[in-house]
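Read through the structure below, which is laid out as structure tokens, and then see the notes.
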Amino acid sequence: MVHTRPALADLGLEAGKRARLNRILFQHGARHGTAMFLPYDQGLEHGPRDFFANPAASDPRYVIDLALEGGFNGVVLQIGLAEKFYWEYAGELPLVLKLNGKTEIPSDAAALSPVNATVEDAVRLGADAVGYTLYVGTPAQEQDFEQYRKIRAEAVRLGMPLIVWAYPRGSAIEAKGGKDSFYAVDYAARTASELGADVVKLNFPHPEKNLDVPGDYTGQFSSQEAIDAVVRSANRSLVLISGGTRAGDDAMLEKARESMEAGATGLIFGRNVWQREHDESLRFASALRTILEKHPSQVTPR
Amino acid sequence: MVHTRPALADLGLEAGKRARLNRILFQHGARHGTAMFLPYDQGLEHGPRDFFANPAASDPRYVIDLALEGGFNGVVLQIGLAEKFYWEYAGELPLVLKLNGKTEIPSDAAALSPVNATVEDAVRLGADAVGYTLYVGTPAQEQDFEQYRKIRAEAVRLGMPLIVWAYPRGSAIEAKGGKDSFYAVDYAARTASELGADVVKLNFPHPEKNLDVPGDYTGQFSSQEAIDAVVRSANRSLVLISGGTRAGDDAMLEKARESMEAGATGLIFGRNVWQREHDESLRFASALRTILEKHPSQVTPR
Amino acid sequence: MVHTRPALADLGLEAGKRARLNRILFQHGARHGTAMFLPYDQGLEHGPRDFFANPAASDPRYVIDLALEGGFNGVVLQIGLAEKFYWEYAGELPLVLKLNGKTEIPSDAAALSPVNATVEDAVRLGADAVGYTLYVGTPAQEQDFEQYRKIRAEAVRLGMPLIVWAYPRGSAIEAKGGKDSFYAVDYAARTASELGADVVKLNFPHPEKNLDVPGDYTGQFSSQEAIDAVVRSANRSLVLISGGTRAGDDAMLEKARESMEAGATGLIFGRNVWQREHDESLRFASALRTILEKHPSQVTPR
Amino acid sequence: MVHTRPALADLGLEAGKRARLNRILFQHGARHGTAMFLPYDQGLEHGPRDFFANPAASDPRYVIDLALEGGFNGVVLQIGLAEKFYWEYAGELPLVLKLNGKTEIPSDAAALSPVNATVEDAVRLGADAVGYTLYVGTPAQEQDFEQYRKIRAEAVRLGMPLIVWAYPRGSAIEAKGGKDSFYAVDYAARTASELGADVVKLNFPHPEKNLDVPGDYTGQFSSQEAIDAVVRSANRSLVLISGGTRAGDDAMLEKARESMEAGATGLIFGRNVWQREHDESLRFASALRTILEKHPSQVTPR
Amino acid sequence: MVHTRPALADLGLEAGKRARLNRILFQHGARHGTAMFLPYDQGLEHGPRDFFANPAASDPRYVIDLALEGGFNGVVLQIGLAEKFYWEYAGELPLVLKLNGKTEIPSDAAALSPVNATVEDAVRLGADAVGYTLYVGTPAQEQDFEQYRKIRAEAVRLGMPLIVWAYPRGSAIEAKGGKDSFYAVDYAARTASELGADVVKLNFPHPEKNLDVPGDYTGQFSSQEAIDAVVRSANRSLVLISGGTRAGDDAMLEKARESMEAGATGLIFGRNVWQREHDESLRFASALRTILEKHPSQVTPR
């Protein structure tokens, strides 16, 4: 079963969403429908400890400059940094305003990521997309879906593309293979698609984590088979694969390759990029770009 | 006590609801007042594991095409798939927008199905009805009734027919015969009717599950007696019987027959339809249609 | 201390409330200021098991017809039955729209009756009063008072009489004599009056249930003394005494007599009426009416 | 440190609040800036058992008449009694509409007094002030402060004086000297002042309850020293001292004297007044008035 | 890595926020871009016990006068004191209206500071900034972030500078080094910055509290290194260092010096100032001012 990346024209999008996605995908980065985002909300999610490896990355200007130099399609910021730093770069680089987020200090057993900004904030700041973390499977599912619904509705009203960080999380997921298992990532992809994500950010699935997972996921799957299935589960939600904690470069690039083969639209790597010296960061970004360039979108003729 | 299916003219409906129900019941499917719906929200409710039996069914286009080919009166979708896929089929097949739903990952002991979309979304997308899952008897009853009330009010305001998935669920139901017991299904039917469902989706009752149920339900009832009572409890809420997990065809068809005998308006079978090869699906749908055709509505002369 | 039923003119009512109460009390039933209501929300509160004694009563039309034939001042319905059935009787019989209600399936320890309809629904349907169940003493008191306050405010805004089902309930009440104790019913009557009920529905008090009740209620009181005190505690909230579970006719009629002696405005008996054969129901209703007729209101000359 | 009662002109009040406070303090009662209120919400807070000592007091008319005859500056009622009884007295006696209240039936460990009426209700009924019970130190502090804030904002918007019943309550207070300790009452006074009370109702402090209280309160203080400090903590919130459960007359009058010496604006005694025979009530009220008359306000010359 | 205090012109501020910050920083106090605030909400946070050391400080006028005499850039008040006392000083001294606050009576394990006033209150009262306490790491993080977001949005809408009291608090922080640890303060600084604080109030970090803290914080850091890092983590949120409980003067002044060296904008010392005799307070304030005067802002030329 061959799966090709969905074309913008096939997504049933309102004009505003299509205009903004077009700007991100065809007027920045490789300009052929793929995307490479630089996420920078780890200062909130993990605290300043993420900057000890490369203290320069503590400064938002350093990271935004890196996104520009590295040819990224956009940078992801929380409201505070977006307000205080993005105005100097407005128009040069698409902004993804992350709308929710939390510290890692209290327990994650019933994870819920509170909302810190609105789609109207994104419009005011000139952002081209908004991001929302949905903790798939959390015992706080009801509150999560409810706050997500309000943001989805606002995104429709204002024509703002919605990127869902679809993260399996919480005690029940831990009991069924864990947050990176094929089962969990596949369910997360489908959930984002069923709930109206325009783009979904996913972790790369680990099919070998198949203990305690429901029946059909206990089989033997290659990582390519797993990522193929996950992208299929996302349907017409464009897929971005995230990097997660910093890992070996070869493994990361191989995952990137398999993801693009499977029909993903792009990558969203943060710590793997900016937790290195400046030139190393650019070199790694360049290696990612080389992979994306092999997967231009088929543009539907008008 | 003979019970005939209520006529649209007797339901006290506002013009908008009547127009839309008329479109579903008399301008699609068998076009004589019965209905056969194809529900497709299992990707959210159970995850992609439901598609392992027939991987093609993972693609929403495949399933919507099946609904068209199989002569169904409508397809049931969550907001995400409705937005991204229904626009290609708009006008050809009625859409039931399911307004709430959840993953099966966290515990179901105090089940509550969060709201993911609004009646206004349904109007915007050209849907002809909305669906809401009410977990009858859940310890979270207060939140459930509250979010239901808001949707009911919006459905009245916008003339949108409201289909209630009346599902007994939660720890207290498990202690009184279980969610498929005659007691539980009968109470669920009445609850939906008391709370203003235009249509109610019910599981087929199991009168043999009579351990721990309240006094009057401990007796011996045939399945026909049970379904007769359940449809009577629903009063002027039109009844749809659901298929549930896939089971033997003969048993399923017998239940369908008994339901229609009892005065149900139709059937809403999902996995029993699309968890088979394509041609098998159509053959089974055709068998269901044959049953419906024996039960046309008595149309009240104007 | 003689206590006479308060006159409408003495209640400080807005025009809308007075017009509607006048319609109920002086233009239906005995037409002299007393009232006899037929409540029919047990299908939700207890489930269809309440209809096993007289299966015909499962049909709302049967019960509404009974209210008409029996000369009742009104019928009490939840939103679903009101929408689907009342339109055929509109204008012939006052409707009391019950605004909240619940199933008996989950635990009652922290009882709370969720809101299922609004005062605006009542206006839309042509109702002449609304009903609200307040679980006096429930651990969920804060939510209960809060949702009640909103309904009270809407009832004031729209001139709709508000009937409060003042029901002692929950774990703390069970520990202080129980829900039918003189202590509990007396406190409930006063609570409804303090919180602005136009009419209060109460259970008949049991002064002999005086174990564990606060000091002053441990004394010996006759049932007449107890009901006298309860009606006094209700002040200018008109009192209706409910029937509760079906009991012996003589005992019921004696309670009715004592209630009217005490200054109650009327009775609200459901299962005691419709859980019998049709003619028996009318005979019992007639016996109740005979009692009411001995207690016409003193109409204040204009 | 001499402390004089703050003048209305020094409180930074909007015109509406000042007009209404002026009406209460200078156009009723002793008409010289002191106040004596008759609270009558005990029927809700404690139930009808409070009327067993003097059954006549169960009738709101009896108590309002007492307030008129006794020369009180106002009567305090919950919404229900205010709506049904105050219209006959409107203009003759200021009304304080108590906006929240609860029954004493469920546990008080995390006390919270739900809101039963609004500032708009007070305006509609012609009240001259509103009352709110703040349970200082309750584990439900967050909900308490939140509902209080909304009422405070409405009171500002509508120019309605806000009287805060500042009552230490809940498990943590019980562990720190109890609700009548000097520590608790002093903290309550300051809390009301910090949160914007125009008037604060306090219990008389008991400096001898100094076990388990924070360091500085373990010392030896006379009751005059304690009440002096409490009034100082209230700053520009005018202080009313409440009577609490009925106690010996001499002790009550001594407390009243010390309170007025300390700079309190007045007294708010309920059960100590109306739990006696009619003439005894008036005699006691007269004794209170005699004390107030020794403490006229210094009116700031215009 | 040298870190200089950000200039107002570089913060991407709306006109209203910039006008008000300019007024505070350049038209009061030392008038060169530093700030010294006198906080006075301890009467709510700790109760009147904070005034036992210097009873005169119980009177808000005394403290506001001290702020004027001591050359402070502003005084911080809760709504009640702001309404009743600030009108006499309006225009002479900037007001920071503290929008949330709580008593210390109930448990702090899941600390949450309820909202007591709005940004609109601040506008009405002529305040130049608002303050919000964010309990970083509290198990009640979701409610905290949610109520913070609403205030942030209002502050943007009305052009009102937002000062965040970023206080690590709650059971999880206690388990990771405590609320004053370098780890906790550093994370708090970044959190405030990510969430859009214009100014952030922080405790001075204690790098020696490094037991149980995450890996990178277990190292040896001087207090200057720690405060440098913390100010860097705050990015373009201006930093104020708080005094906390009263301590030795030399230690306090040394902390103040290190903070200003690190790039802080100023100090916010309360109890260390007003828990002394009047002249001592002024002397201490003068010593603080001397430190600030060594760190004037570099004003960006227009």
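Each chain carries a letter (A, B, C, D and E) given by its place in the written order, and its residues are counted from 1.
Throughout what follows, a contact is a pair of C-beta atoms (placed from the backbone, for glycine too) under 8 Å apart; a residue touches a chain by one contact, two chains touch by 3 or more.
In this text the structure is predicted, and so the values were computed from the model without any measurement.
Asks: If you take the chains that touch chain B and keep only those that also touch chain E, what is left?
Replies: A
Asks: For the two copies chain C and chain E, what rotation in degrees overlays their C-alpha atoms? Round to the nearest 5.
Replies: 145
Asks: When the C-alpha atoms of chain D and chain E are each averaged to a single point, how far apart are the two points in Å?
Replies: Distance between chain centres: 35 Å.
Asks: Any idea how many Å lie between the Cα centroids of chain A and chain C?
Replies: That gives a centre separation of 57 Å.
Asks: Residues of chain D that contact two or more other chains, please.
Replies: Nothing qualifies.
Asks: Where on chain B is chain C touching in the complex?
Replies: Residues of chain B touching chain C: 1, 11-12, 136-139, 141-142, 144-146, 148-149, 152-153, 156, 168, 170, 172-173, 176, 183, 186-187, 189-197, 214-217, 229, 232-233, 235-237.
Asks: So in the complex, which bits of chain A are touching chain E?
Replies: 41, 43-44, 47-49, 52, 55, 58-60, 78-81, 83-88, 101-103, 105-107, 112, 114-118, 121, 143
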